[in-house]
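First, the structure itself, so that you have it in front of you.
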Amino acid sequence: MTPEQKIIELGIELPEAANPIGSYVNAVRTGNLLHISGGLPILGDEKYLGQVPHECDVETAQKAARLALITRLAVIKAELGSLDQVARIVSVSGFVNAAAGFTDHPAVLNGASDLLVEVFGEAGKHSRAAVGCSSLPLGVSVEVSLVVEIKS
Amino acid sequence: MTPEQKIIELGIELPEAANPIGSYVNAVRTGNLLHISGGLPILGDEKYLGQVPHECDVETAQKAARLALITRLAVIKAELGSLDQVARIVSVSGFVNAAAGFTDHPAVLNGASDLLVEVFGEAGKHSRAAVGCSSLPLGVSVEVSLVVEIKS
Amino acid sequence: MTPEQKIIELGIELPEAANPIGSYVNAVRTGNLLHISGGLPILGDEKYLGQVPHECDVETAQKAARLALITRLAVIKAELGSLDQVARIVSVSGFVNAAAGFTDHPAVLNGASDLLVEVFGEAGKHSRAAVGCSSLPLGVSVEVSLVVEIKS
């Protein structure tokens, strides 16, 4: 099953890629790598705000990570025409809006990482760094950026 | 107008690239990519310290982001000989020394992003991730690192 | 002296590379670059926890950065067979679990950077960004990720 077929099977409807507000863009291609801007867990009426774990619990933050990743899949599709053009997910940077003393960043980011492997299979297995941030843009709970290798 | 001409038109005097204190360097080239170390908003007597927004307001933090970027332009020039050797600004990582609950990281980082587009035009449009940090080196308000594609 | 010989001279015993818990992997190769996941300062009974500088002082945090880096060297060796296959350390991202107002992130990260130069010599000199995080996975004091160029 291709990534595009898998997205349908999972019942995920990819949104239009939103335009960044400012002098940056959603993604830049250099060689066969696509560098993708940090994405936020906001889509239509669905959004995830607040610091983890007190204002947003771990389970909810996992959904935030998944949604942030879905907005990144939308960017990949907009840039490449199809998710099937992805050769490999190279790296994911996961930023959690997290209180001092929070320790469960990996579980939060698995909301994004698990979806990458569901959609892309072996090609979705990526390197990752997960860290806690004192705050994030618009007050979101999670931000996710990534680097993707494109089929040549 | 070339980036070098644009810098002159903007009245920006690029400083000498300062040497890092420690076992790292300002930039490493791999293939046609230049990975540039995190830069701080300190130049001569001008420096921007403190947490955003209470110790350093958003407007001041934008100037900090711009100054941090200017120190990175100095690194690019020192490495490549000329800003005109830049093919594309690939990605910018923007770190704001930010209080819990701060939400306006994108506005802060636009101080750097806007300057990139002023100097490099379309080639200055980059992918970006902006996050809040609990603290930054030397107490600065903003830190900026980037990856640049070099003309071959 | 090769990096492998240097590791022996330094009396460092590289551990087995631990498997990440989750849908990500220790490292992904793309072209001649190896992107390595964030590593934590935990190895057997040795671990470094707590916020810098109050729960973990700078000197201890330097040891944490060094240990986190040693776990990354183990990953490089597991991926490439030998540290001697490294052409260049391209970039290091250093994350310090740091209190508001902390300023000495560079000193902490030198624990990792100095070891890279000890082991790889000139090829170990890297670009670097060091920032403060509100918290880190498992409560560790330091996390380190890196990008490495491989000999072709």
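Side notes on the structure shown:
The letters A, B and C name the chains in turn, as written, and every chain counts its residues from 1.
In the analysis below, a residue touches a chain if its C-beta (ideal position, glycine included) is under 8 Å from a C-beta of that chain, and two chains touch if they have at least 3 such contacts.
Remember, predicted model here, so these are calculated numbers, not experimental data.
At the interface between chain A and chain C, two copies of one sequence, fewer than half of the residue numbers in use appear on both sides, so the contact is built from largely different positions. With rounding to the nearest 5, the Cα superposition of chain A on chain B corresponds to a rotation angle of 120 degrees.
Here the CA centre of chain A is 24 Å from the CA centre of chain C.
Residue positions of chain B touching 2 or more other chains: 31, 99-100, 133-134.
By the touch criterion given at the top, residues 31-33, 88-92, 98-106, 109-110, 113-114, 116-117, 124-134, 147, 149 of chain A touch chain C in their complex.
Within the complex formed with chain A, the residues of chain C that make contact are 20-28, 30-31, 35-38, 51, 93, 95, 97, 99-100, 133-139, 143, 145.
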